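Okay, so subunit A shows up in both of these, paired with subunit B first and subunit C after.
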Partner chain A sequence: MEQFAPVKRSKDGQPVRYLIVDDSVFARKNLARMVESFGGHLAGEAGDGLTAITEYDRTHPDIVLMDITMPQMEGIEAAERIVQSHPDARIVMVSSVGYQENIVAALQRGARHFVQKPVKPEVLYEVIKYVLGDDGAVATAAGAGV
Partner chain B sequence: MSQSDDRMAELRELFFESAQELLQALNDEALKLEKHPGDSEIVRTLRRIVHTLKGDAAACGYRELSEVAHELEDALALESAAAHASLAEVAFTAADLFSAMLAAYRKRAKLPSRDPLRKMVKKLAQEPGAKQSGRRKAAVTAKTLGWTEYEKLAVQKAQEGGNFVYHVQAQIDPHCAMPIAARQLVQNALAGMGEVLAARPEAGSSAPTKSAEFLLATDKSCEEVSGKCQIPTIVASVKAELLPGGVATAPKRAARKTVKAAEAEIASPAPEIPAVEEPAPAPVAEETVSENTAQPHTTLAENILRVDAERIDSVLNLVGELIIGKSMLQQALNEFSKVYPKEALRGKFADAMAFQARVLNDLQRSVMKIRMVPVEQLFRRFPRMVRDVARQCGKDVELVLTGQDTDLDKSILDAIAEPLTHLVRNAIGHGLESAGERQKAGKSTRGTLRLGAYHQGNQVIVEVSDDGRGMDVNRIKAKAIQLGMVTAEDVARLSEAEILDFVFRPGFSTAEEVTEVSGRGVGMDVVQSVMHRLKGTVHIDMHAGQGTTFRLKLPLTLAIIKALLFQVQQRLYAIPLNAVVEIARTHESEVHQVDHYEVLQLRNQVLPLVRLGRPRSNDPERGANKLFVLVTSVGERKFGLIVDGLEGEEELVIKALDDHAVSTDLVSGASILGDGRVVLILNLSTVVEHFARSRPEEAGAVNFGMLLSQADRAQLSRNAAGGVS
Partner chain C sequence: MKMDVIQPFINSADAVLAQGLECSTAIGSLSMEEEAYRRKGVAAMVWLTGDIEGRIIIDLDPETAVRVASKMAGAELPESDSLVRETACELANQIIGNAITALNDQGFHFRVHPPVMHMSEEGIKSSEDTEALVMCFETPIGSVFMNIALRYNRKRHADAASAGH
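Let's turn to the complex of A and B:
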């Protein structure tokens, strides 16, 4: 896999903490593997929207990667609810082309960005850097940067 | 790089596992759909399953699978598809194809043809009334649109309020497959800086235009605005122009009419969502409803740890060693008590050991529980199979499952999958009659097949029963005689249960013609041999004309058994305690001979005897010799084992024996006792089978010495040859 220069939190230089929400264990593993290759840290996982909300409250991650179609509660509703109680939440929707309307809806409800499935690491990397904005810093120390 | 290869391999492994779950769910939903055709809820669930599979496959690089799943997913989105009668059929075909493709990926073999499914999917899509036009047209090229009077007014107001108003033009990245979402994102970015006064295409429009224009009122500089819109992977280029002074210079002023025309033009390629509506919220609400029918695997997956079965086995093995250690301590304490009967410390030791024993018991039970899985895991594959087989045979069959939550050791569950499949196929193929036949017999035309599981003591019973015609005892008799398994005169004396047992002999099949479904002449003996291996039994319960029940009795676990220990020729043996019906003490004089077999009259029953050790002695006082007879039940038959002495009950941790270590199948395993002695565990069903098959030719030559070494036996039979009455 490609090497990415680690992205850290600019306020304390700690790894960026992620909450990954997807009903497919496989997809979660896959995403976790990617964010770890960006120097991130997996703060929590959830397989449905309801769990996502409680996990958010528990872990206060820097970034949420949120699937759209999930049992119990859809990603959109979960995103909306999280943003309602945490306006600074950075939620990135992860879904396939077929659910574009849902992504639009999620963006209207406060999601910060979206990536298309299948997720390409280099795309996710850029998206994460963008979503973190000033709160993220690319560590220059680590070898080959992108 | 090899590390990431490893990870990929691990991911793929995970993918195959989760894909299996998805396929199971796909089959389940398809079955439901067949029962409730046109249920849009089920169709949505189907779509979500296919969607997840598509995503996972794509992430693993299995492009072909992802593609056909994608086609199916698209087709499932069509309104007409939901109501389509053959949709369930398509789903079944898809499940089969996906499964075949997965197998091919796994073996790196050639992929099966996707065309049959593609054709079916196409048919779904082409059905009249299919509204979605499939592919959307290519992106509309950038075009500056006019602003409405209202918007112009807003611009004017904003400028009067001291804001800059920018005309922002953004080109969406050509690689971005979701231009609508991309435009929304740009708008979000702009909204973060000020007020978006207007947008083209309008917010929420479903036109797949890859360019967007906005009017933004903000106090930020031009660079800031365009910088904020440079969203990686989404925006290819962005241009922000400051609108000078009044709105009069806004680009391409146009009348309201022109705008409408332009909108209509853009909206037309995707007519399923009228541009005037707010398209997003509606589907959301629908989808949320369907989530109630969550797939079981997704809810299950949350708190579950995947652990290699071997690791659990090694823990269980250690627990086994601990149990041996416990009996060693017990042994030591007993000896200690004998030497110092008055020592007060004994009580303390006994207390500590009782406590330890209790904890050990709990530990053992918890570890065993880890290995336990509900039979649901096995049962759930049957609905689909029953449907297919019933269809092949042209029969109408209803499958009733009970006791799915009964827990069983995983290895046992895996082992009975094949026998159970045979039994189910047989039940549909042979057991259940055709609808016409059933009607004649006064039964409902639909046959019922029951698959159930429940606990009974230390065992688990799995039953396959049908309400069909039952088995033809006479035909089985005839066939058994024809195959030389029994003579015509012997057969007359056999009980029905014994006759039915012939079907488990290798090579036995009464099916007149060999079909794809059943009756290949192999199968039933597989059932028997698997049950032997598992130390279980199989029993047939049959009522002519009313149905047949195959009852599989299985031990809860393979690792630890409660056993009865006994001695034969100073050697220690054990049999599972649950096979022992009772222990009888009798005298040699009570043993009679019928034909060439020894029997014992036990109350009002005649019990065939198996002498495990030396033959009946020629001692004149033999009549006074006391005998221990272990009355055991194997299947439905009872046998008496004559043993030399009893040792007691014990929990044995079974250690598997190498095939090289034992040359006989009479012994199924071994164990170590607390005092270090080794005990062999007898495989009762093979012992009895050996006995039943041996046919002593000369009168009076009884069965004995099954457990003796060749040399011992030769010696003993020479001695015995003298004067057996």
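Let's turn to the complex of A and C:
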């Protein structure tokens, strides 16, 4: 897999911590591989929205990558509940169902961005940098930016 | 089943396979089936409800599933039952999700249910108004079958007509 310049947390130079939520283990593993290629660290995983809420409370990740169509509780509702409890939560919806009303609903209920599957690593990388804003920094070869 | 409803699924399968496998695909065979669906390998089924209802099945043999998974992951993955099942489900998710996105933009509204494995050798029979379209996408690493049985939701259609839409 292509390697990207690591994105670190600005405040302490540590790897960005991710919570990956998808009912497909295969999709979770693929996303985990991608975020690791961005220099990130997998803080937790969940296979449904309900578990995502408890995992968020347990791990306090920097970014959540959240699928939409899942059993028990769908991703948009889970995102809304997480943001209600943690207004600073950065949630990126990652779904194959990318029609406009779904995207708008997700953004209105607290998600920061939307990435359509199949996920292109270069697209996810740019979205993560955008969502982190000043809280993220791209490390240079010399270690600048961390 | 009209072609304008089917075409987004064909386009989506072609795009998802081409992107995921980094290759071009070709439709090797295409047929209408009224008989009960006979599974060819590992089959993931997704139900749709809404303006158009029915199910789509993505079906591939286990060896192809492992090759698809390895290609999509960018690394050689060892064969396992769970990997094979997951691959079929994820392919179904991506193909159907992208098609639904296109159809939604045309004004159709759906609910997509999470994929389930279609385990029986012989499965749900198509009815006279939901005959299934079966097509085979040939890729350099194996064949992927897609079976589509959809119909317009008559009640919604009637409600929309009576509302003047």
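Simple rule for what comes next: the second predicted complex is superposed on the first by the 137 of 146 C-alpha atoms of A that agree within 3 Å, B and C clash if a C-alpha of one lies under 4 Å from a C-alpha of the other, contacts with A are read in each partner's own complex, and residues count from 1 in each chain.
Basically, contacts are C-beta pairs under 8 Å (C-beta built on N, C-alpha and C of every residue); 3 or more make two chains touch, one makes a residue touch a chain.
A quick note: this is a predicted structure, and the numbers were derived from the prediction, not measured.
Participant: Between subunit B and subunit C, positioned on subunit A by superposition, is the outcome a clash or a fit?
Facilitator: In the superposition, subunit B runs into subunit C.
Participant: Looking at the overlay, what does A:73 touch: subunit B (first), subunit C (second), both, or neither?
Facilitator: first
Participant: Of the two partner chains, subunit B (first) and subunit C (second), which one does A:97 touch, if any: first, second, both, or neither?
Facilitator: both
Participant: When both complexes are superposed, which of subunit B and subunit C contacts more residues belonging to subunit A?
Facilitator: B
Participant: Of the two partner chains, subunit B (first) and subunit C (second), which one does A:24 touch, if any: first, second, both, or neither?
Facilitator: Both partners.
Participant: Pick one for A:105: touches subunit B only (first), subunit C only (second), both, or neither.
Facilitator: first
Participant: Once the shared chain is lined up, is A:117 touching subunit B (first), subunit C (second), both, or neither of them?
Facilitator: In the superposition, A:117 touches subunit B and subunit C alike.
Participant: Once the structures are superposed on A, label A:33 by its partner contacts, choosing first (subunit B), second (subunit C), both or neither.
Facilitator: both
Participant: Subunit C clashes with which stretch of subunit B: 23-31, 185-193 or 545-553?
Facilitator: 23-31
Participant: Which residues would you name on subunit A as touching subunit B in one complex and subunit C in the other?
Facilitator: Residues common to the subunit A contacts of subunit C and of subunit B are 1, 23-27, 29-30, 33, 69-71, 96-98, 100-102, 116-118, listed in rising order.
Participant: Where on subunit C is subunit A touching in the complex?
Facilitator: Touching subunit A from subunit C are residues 16, 19-20, 69, 72-75, 82-83, 86-87, 89-90, 93-98, 100-101, 104-105, 112-114.
Participant: Within their complex, state which residues of subunit B touch subunit A.
Facilitator: Contacts found on subunit B: 4, 7, 11, 14-15, 18, 48, 51-52, 54-56, 58-60, 66, 70, 73-74, 77, 176-178, 180-181, 184-185, 188, 203-204, 206, 231-233, 273, 279-281, 283-284, 287-288, 291, 294-295, 298-299, 301-302.
Participant: Would you mind writing out the residues of subunit A in touch with subunit C in their complex?
Facilitator: Contacts found on subunit A: 1, 23-27, 29-30, 33, 69-71, 95-102, 116-118, 120.
Participant: Would you mind writing out the residues of subunit A in touch with subunit B in their complex?
Facilitator: So the residues of subunit A touching subunit B come out as 1, 23-27, 29-30, 33, 47-48, 51, 69-74, 76-77, 96-98, 100-105, 107-108, 112-119, 123, 126-127, 129-130.
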